[in-house]
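In the two assemblies presented below, chain A is common to both, partnered first by chain B and then by chain C.
This part shows the complex of A and B:
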């Protein structure tokens, strides 16, 4: 059965630049994780280290208590479907889709060919085309087919919806949830299209500047933020003592995003004329990692 | 042998392509009004060129693709080491087989002095093996350090290929400019002796390459594991 994938105190440097700083993370079985972070936050590096495709400079990565590095049993349970690119002479891009999937069938012991064929048909992929000749969306579909048909207990997808149109994205989330319902396997999905995926993620991992900023149940995480708006003096009074993540002003009106649950803010706002609204996952992410992320206590 | 399994089509295509090249250029050569010695030298030159260049190109291509695919799909580095070594030898064998086979057929068809080429062939093949050894080693290094040093290793492979290709082509051009057949330049190196011993030496060379790469891979891998 599925086991826990665990990273402890990971450090990764490229030359003098440290891209992961003391990252510790536990991927539990049977959960859909969303990994979100800004460009260059270290998402792909972290995922490649978790799946032993990349070395690291300090720390450990274990699966079921055993190191994943050169561990045949562990690697058979891990699938990291990387984002494909259109570079002509790069790696697998010179392969036809059918050859790429054939290679996958040789490496993944649980490869489900019938499922792969079904997905290829559903996405309308031309398997005789070379990967480098595919559109960005079609390349994403290939990575999705590979990830899902691998049937790996821990399946990791790197930017699976990049380039997909909205219909295809909806289709992907549906397929993903159907698969999850059927198999209960673990998914880790990195994406920049946060809002659409928020309902799919059971837990969210936020990576910021090479450090884990949060690993929480998505609903609990989102519920821990509130947006308070109203007259400046009211808003200041209500948010006093809370961690302010973002401030915006329009004349005498003020809006403040705080790290506090809505119920807490409502209690604080008793008798004052302020609006308290929930914050979306995307907004919470922006407040935590954006340029103006200057967390202060009001 | 996963690497060989998914590279088999490419190897077969390359074999046919090289046979086609050799037959095309050799027929043109055979139809020309030149001496038998010149023709044999010409074919030796063309064959030598292929033997020196194509294994390098193939290994760059196959190693790059295979390493990437294997590692991104959970392949083991220690398995990759010996598979790359075997692929290296097979690449060389494919080129040798295509050249030697097509020349043998041509010599039968035209009744020319092609046996001179056939006689020189084993040593040419040894040269090619040495070439693939260099690139195979780089491919192996790339495999073991993929994504950490992959870009640099590929650049080195390309550089090695450029140096070899540039050197060989320059050599041939100068030879032609001097008025002699390019094959004559090789003649001092390639004594016209086709013996079972030479062929055995080629096979032993290939086996040595494979063993060396396998040993090197294990050695490097232990270091990598210790490091991680």
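This part shows the complex of A and C:
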């Protein structure tokens, strides 16, 4: 039975460097979450702690109210499909794809071999190949097969589309939605390729510098931003009192991104000649986590 | 239903608009079943919750109705309802902005009328 996965006040340090600062997050059942954050934001660290594959220095992670650490019952429900690498601790990753999947089949109690075989075929993967001989895209395909075939009620994928070409990426989202509409299980998917995934994520988690910057319904989140442009005086008047996240200037023209819904800006415009346009998820992400945001919080 | 999404409006509104287009064009007939949220989600690679939001919008407006356990259907009179709704929207989005732009350009009422007549020919 699917239950809530909850992190409370997580702190993680690597040596003296604190990489997660007081992170609290609730993963509700039956939702596809997108996890986005810049390089080094702490995404993989957070995901590995959520699934008890990494230790943490403070805080708790619970599944259905029970701690996940060394909790066999909870771990049977959680799948974290890590990014694969050609290099492992002691040299090259010489496991064959089929060995990797065989190991997964023993680890995950709900493993669906028929589904794994079907996906391997769909991706055209050669299971006899060693992992260190795979291209980046093929490694991603292996992590996708593992994640989906695990049939885990909470399935977490770390950068599943890294290195995949656009056709394979579209195929991945189709396969994901096919599975989701059938099973309704929970997915958490981290990605750097934001725009094309935006419509797939019901909720988006934004991790910035080891802190949660937002956990919101994707559409509501995107709709909470507007871009207002026009003559400087007009733009300033319309956006007065709202937090400006980003400014662009060209001659007398000024454009600013604000954290305010389009309707709010339209009311504020009241006859002033400004253009009000929506902002994409990718832009909203950049405004929240880009250089300017760093300076402001610094 | 065809086409791609644009960035200007929410996806659920675009889903609703696409279903309306299909009803207007006779692709979907009154009393006929419409694609389910899961079918829409798969066809357009969108989250089923988004597709459901679009469908629910049309249910609220009386354009679609739910048959328990079977699915969503096009309501009787949906075609006329959509036409009426779009006429209102046409006034709001096109006519008022047309008049505003005409004013900004300093066009007189007569010049604007002449232009509309020319376009109609």
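Here, the second predicted complex is superposed on the first by the 288 of 298 C-alpha atoms of A that agree within 3 Å, B and C clash if a C-alpha of one lies under 4 Å from a C-alpha of the other, contacts with A are read in each partner's own complex, and residues count from 1 in each chain.
The rule we apply is simple: a residue touches a chain if its C-beta (ideal position, glycine included) is under 8 Å from a C-beta of that chain, and two chains touch if they have at least 3 such contacts.
All figures in this text were calculated on a predicted structure; none of them were measured in a lab.
K.L.:
Which holds for A:267: it touches chain B only (first), chain C only (second), both, or neither?
P.N.:
In the superposition, A:267 contacts neither chain B nor chain C.
K.L.:
So which one touches more of the residues on chain A, chain B or chain C?
P.N.:
On the superposition, B touches more of the residues of chain A.
K.L.:
Who does A:70 touch here: chain B (first), chain C (second), both, or neither?
P.N.:
Once the two structures are laid over each other on A, A:70 reaches chain B alone.
K.L.:
Using the touch definition from the top, say if A:9 reaches chain B (first), chain C (second), both or neither.
P.N.:
After superposition on chain A, A:9 lies in contact with neither partner.
K.L.:
Quick one: classify A:108 as touching chain B (first), chain C (second), both or neither.
P.N.:
first
K.L.:
Counting only touches as set out at the top, which of chain B and chain C does A:95 meet: first, second, both, neither?
P.N.:
In the superposition, A:95 contacts chain B only.
K.L.:
Pick one for A:223: touches chain B only (first), chain C only (second), both, or neither.
P.N.:
Once the two structures are laid over each other on A, A:223 reaches chain C alone.
K.L.:
Touching chain B in one complex and chain C in the other: list those residues of chain A.
P.N.:
none
K.L.:
Can you list the chain A residues touching chain B in their complex?
P.N.:
For this pair, the touching residues of chain A are 48, 51-56, 67, 69-70, 72, 75-76, 78-80, 82, 90-92, 94-95, 99-100, 102-104, 106-108.
K.L.:
Which of the residues in chain C end up touching chain A in this complex?
P.N.:
5, 7-12, 38, 41-42, 44-50, 53, 104
K.L.:
Using the touch definition from the top, list the residues of chain B that touch chain A in their complex.
P.N.:
Those residues of chain B that touch chain A are 2, 5-6, 9, 61, 64-65, 68-78, 145-148, 221, 224-225, 227-228.
K.L.:
Give every residue of chain A touching chain C within the complex, in rising order.
P.N.:
The touching residues are 32, 170, 173-174, 177-178, 180-181, 199-202, 218-219, 223, 273, 277-278, 280.
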